[in-house]
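Labels for the chains are A, B, C and D, by order of writing; each one numbers its residues from 1.
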Amino acid sequence: MLSELINPYYLQVATFILLNIILGVSIYITLGTGQLSLGHAGFMSIGAYTSAILTLNYNVPLVIGIIIAAVFTGFIGVLIGFPALRLQGVYLAIATLGFGEVIRVLFINWEGLTNGAIGIRGIPHLGREILSFSESLGFSPGMIGLKNNQFVSLAVFLVLLIISIGVIWFFIRQSNSRIGRAFASIKMDEEASEAMGINITYYKILAFGQGALLAGFAGALYAHLTAYISPSDFGYHRAVEILIFAIFGGSEVIWGPIFGAIFLSTMPEFLRVISEYRFMIYGALLVLMMAFRPQGLIDTNVVNWIKRPRLKKKEGKHGTGNKKDK
Amino acid sequence: MLIEQLINGLTLGSIYVVVALGYTLVFGVLNIVNMGHGEIFMFGAFMGVIVTNSLGLPLYVAFLVAIIVTGILGYFLERFALRPLRGKEGVSHLAPLISTIGVSIFLENAAHHFFGAGNQPFRTSFSELNITIGSTTVYYVQILIFVIAILLMFGLTFWLSKTKAGKALRASAENLAVASLLGVNTKRVITQTVIIASAMGGIAGILVGIAFNSVNPQMGLSFGLKGLAIIILGGLGNVRGAMAGGLILGLSETFLVAYGNSGYRDAIAFIAIIVILIVRPQGLFGTSTSKSKG
Amino acid sequence: MVLEIKKISKNFGGIQALTDVSFSIEQGEVLGLIGPNGAGKTTMFNMITAMFPPSSGEIGFLGQSLSGLKPHEITKRGICRTFQNIRLFSELTVRENVMVGNHCRLTTGVLQSVFRTKYQKQEEENVLRNSDEILEIVGLSEFGQTIAKNLSYGQQRRLEIARALASRPQLLLLDEPAAGMNEKETNDLFDLIKKIQALNITILLIEHDMPLVMRICSRIVVLNFGKKIAEGTPSSIQNNKEVIEAYLGVEEEDELA
Amino acid sequence: MNKRIKLLFSVLMVFSLVVLTACGNNTKDAGDKEIGADGAVKAKIGVISYLTGPGAGYGEAITNGLKLANKELKEAGEVDLELKIEDSAGKQEEALSAAQKLMNSDNVDAIIGPTLSTEMFVVGPEAELNGVPIMGTSNTAEGVPQLGEYVFRNSIPETLAIPASVQKAIEKYDVKKVAILYGNDDVFTKAGYDVMKKVAEDLNLEVVTTETFQLGQSDYKAQLTKIKNLNPDLILASALYNEGAVILDQARKMGLDVPFVGGNGFNSPEVIKIAGEASNGLIVATPWFAHKDDEKVKSFVKNYKEAYGVEPDQFAAQAYDGLYLMAEAVKNAGVADRDEIRDALAAIKDFKGVLGTMSFDEDGDIVMEPTVLIIEGNEYIVFE
């Protein structure tokens, strides 16, 4: 029964959707302070390479590798965040785009560490590691009526599901707090925020660092999901793809990028028939979104509409996470 | 070798200049970075391929067709990706950036669809002509490209400062609302600007085609990103800056290959803009600051 | 002495916006800072709040120099301002605007916020209570859930004041709070300023509405072309010849325009 | 946090899970494991190919080759293969999703593809885990067949192709000094370079310079000028034909007339189409030669041209033979069973296809003799 219900293909697709959700949230955090980054693919690659190299060359346990990778990427994000502070709007977008490209070229050329364009393969696979771990505990998938590949896909999916829910929970909590209010006010008016006593340097770097950390985290997960990475996985197109999640879904509320990631990662699976036109549709979609719904599909009004019946009871709680812009 | 590399660098640089001028013009007037410019440039190059190779028509027809087609593309870009955003309340200043990214994705994949993913040869008898001075061979194409870049720069400078249309354009660049109050038809000026900038992209496309005999759908992105780096380098909206930036980038890429490590060639442009943005955010020739909204 | 301005000058790329201006504000008073347009009043505000540094001179607050501090540090020290052109966080609710103003008096960081420690909950409760009290003072209690941009002009001005008050300033800088207000709203403003004064908050006021200034200020400093031309009680200013000359001319221009 | 949103989210999640699993449920199809009435062995073959994006040209050639082979196989009537073609867009994640779909939803008996080695690195281990035989027809990187017991390939790796061509070139032209030029940001060309470097070392050649270029680059003049000034006897160029043809064109224009030795990806009729005269002097080792004096090859080229209007390139030819190999395995296995097909594939010896005579070694890698070709007079001829 259970074994017939679990189809690795659908779990696979769902797993990548979850990964994209984390990426969407990562750009949303940075956008939340009005900073547009086209460098998230670069951060992702730093996370992916760090974890891959640590687990492969230094036998660091997978979990530790992912955590170190995320923290390290966050640290790089903070370092980049300082000069980025001086830049706004398109300048920041182009500078971060440049950062991503420089990182990619660096990884291509730093062969001793990254194996260049050939990429790193044989990275410990999250699911297969879980399988061998549970087998070492004397558990085999057969005991619950699953085939090995079903078990692997299911385990990976569940781990990602828990992680994504954790990430979403974290940032919803954060946005409904002093921190979230500071982010929102900076997005709306930096100078006024500063005059109201908000340390904009700190919060902008915090947001940039958090976005980078999360992107690095997603990158590390990506490395352990595909077991193979190469610099070309993290180019300009990836950066734009991540941005599209937030732009299409909406960057005002956290549900926007989540919806964007779900919708845009599911669509190709349904549209495999017309896959030839897929990217043309993406492009047209961006133009149409900007013209008719620049705030993205999910905005505060949509969220309010969903939660309307409870609005009155919610009086006591106050934050900005759900009502950043109109 | 030095002289040969110098010529290589200048040729590449001149093409960068023509690409960058298109960006500069649009930014100067609209304060918008047109991310779709690279792809329009690529379409120009393909027009050249179709006219000279498939139809067997002479080169000047190719220029003409490329200018017309890219001009039309520019019009569509303005009409569908920029105009709807203008003057709309609550539209972030990043919206045009994103919608033009949309245009670039659309055009790149449309090109895949129509022209195929591979390289198309661009053969004209003109690209074979050369003169040899000493041990150095110079192709007429290389001279032509350099001359066109210079002409476009001076032409643009002259047009902006001396002609009525140009003055309207500059007035609009200063302040759209005021220009419109002063009786400048800003809508027309804006459309004109984008069309002219796109047509310049078309010219650049053909130049690349004859110079390198290589036209493919990905060239829009690689040249586009370089063009973007150049205008930051030279100062956004600055015509002379774009000129200098383009030549500097072309020369430094060539000399990095000649005397250094060719592996980092694609990184120079971006390392340069990161450095320049930190050290001198207004660009080499710019006067405005990075704080001005874009 | 709350604030002491010592020989402040400001030069913007060759244009002298302020020249050797000195004055001081005493505890609890309402000091008016007036002068024709372009006299350098807002520039003075911007320098007190460290939006940009003075070219020369020094500013002292409660006996300590403010030089080298960042704007948010100034706010934390106890100086907060409003803006001449209203700069609310227009998409936030009225109450959230006030809560943002309270930011520098709170201490919870990321982890505390996310894991909702007891301390954080306590603090959020305090913020809410505090904000409601302030909204009560400015008379916007019933608009707590309204999105700021939907308020009327006069209400937005008062919300700016409320937001500044939330930072618990000792010195409040008001930049033309009566601009664009009708007579009734101006009267309400008068009452509000009095109320704020009663909270033992010192006020530095830029204002063009002369009757209001004369009514509310204990002393007045007059700037013209970046120089201080007079300082004294409202009545002495009213009779100061130089002030009248500087002012009348401009007032006529204002009317013409 | 808002409970309602939480609820909505969890409902969505559960709903999608249910839908996803429910879809998976009814795709089991027992009928495909039977022998048809006419005696043909039925099997479902999944195909993962690069059909959209910059490398769509490769995917197109591959699927064309497969379709042609399948048509012929159907007519022959010994096996009845059903092809399930999925697009990977050249991306690892999509290749993996496609593979999961084929293995678990479509329940294919074997897979052909994916196009790129990078994709194979991701898909291979998963196929191994699922016990599905998978054969790459265009993966040339090192280590592909070593990914697992179920992973095969019928494309010759660069480690076989490049030494053969370099060896022949230096014999013929008395080469002492070589320059190397390669694309350093592409797996394919970088892998080719690694082999070239090793071959140059093994043969004691002096490498005067090693230059790189990047994908999508148009201007190679700086590198070529540098190389020209160092006067090498031969240029080892690891490039895909797209870039490679342009490199040849620019090199010849600046008077750099020495022969080029290219890798596997440099071998395509397109080179002549793009570079024309300039392509003369390019030496490649290839499993595929369209003008071989061989009945099989002639009829393949003729049929392919009729069907698709162009001459088949090596991608089409390798895919064509790939499906024949697969059909042979299915026929020998006699039943559409994944394990049986794997064993039958591994057991294939001296199978004659359009590429030549093929066998698999113990890793599942192809064993065959490459042909060394040179472009002369604007066409490929055998280099001797």
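In the analysis below, contacts are C-beta pairs under 8 Å (C-beta built on N, C-alpha and C of every residue); 3 or more make two chains touch, one makes a residue touch a chain.
Because the structure is a prediction, the values reported are computed rather than measured.
Engineer: Report the chain whose mean Cα position is at the greatest distance from that of chain C.
Structural biologist: D
Engineer: So which chain ends up closest to the centre of the protein, judged by Cα positions averaged per chain?
Structural biologist: That would be A.
Engineer: Quick one: report the Å distance separating chain C from chain D, using the average Cα coordinate of each chain.
Structural biologist: It comes to 72 Å between the two C-alpha centres.
Engineer: Taking each chain's centre as the mean position of its Cα atoms, how many Å separate chain A from chain D?
Structural biologist: That gives a centre separation of 33 Å.
Engineer: Would you kindly tell me how far, in whole Å, the mean C-alpha position of chain C lies from that of chain B?
Structural biologist: 48
Engineer: Find the geometric centre of each of chain A and chain C from their Cα atoms only, then give the gap between the two centres in Å, rounded to an integer.
Structural biologist: Between these chains, centre-to-centre, one finds 42 Å.
Engineer: Pull out every residue in chain A that's touching 2 or more other chains.
Structural biologist: In chain A, 105, 108-109, 173, 276, 279, 325-326 touch at least two other chains.
Engineer: In chain D, what residues contact two or more other chains?
Structural biologist: Those would be 52-53, 184.
Engineer: What residues in chain B touch two or more of the other chains?
Structural biologist: 221, 261, 263, 266
Engineer: On the basis of the stated criterion, which chains touch which? Give every pair.
Structural biologist: A-B, A-C, A-D, B-D
Engineer: Going by the contact rule set out above, which residues of chain A touch chain D in the complex?
Structural biologist: 4-14, 16, 104-105, 108-109, 116-119, 121, 125, 128, 148-149, 152-153, 161, 169, 172-173, 176, 226-228, 230-233, 255, 268-269, 272, 275-276, 278-279, 303, 306-307, 309-310, 314, 322
Engineer: Of all residues in chain A, which touch chain C in the complex?
Structural biologist: Counting only chain A, the residues touching chain C are 170, 173-174, 177-182, 184-185, 188-189, 191-201, 206, 316, 318-320, 323-326.
Engineer: Help me check something: in the complex, which residues belonging to chain D touch chain B?
Structural biologist: On the chain D side, the touching residues are 52-57, 184, 211-223, 225-226, 229, 242-243, 245-246, 249-250, 253-255, 270, 273-276.
Engineer: State the interface residues of chain A toward chain B in the complex, per the touch definition above.
Structural biologist: Within the complex, chain A contacts chain B at residues 36, 83, 86-91, 93-95, 97-99, 101-102, 105-106, 108-109, 236, 240, 243, 247, 276-277, 279-280, 282-287, 289-292, 294-295, 325-326.
Engineer: State the interface residues of chain B toward chain D in the complex, per the touch definition above.
Structural biologist: Touching chain D from chain B are residues 1, 4-5, 8-9, 11-12, 112, 116-121, 123, 128, 137, 139, 208, 211-214, 216-219, 221-223, 253-255, 257-258, 261-263, 265-266.
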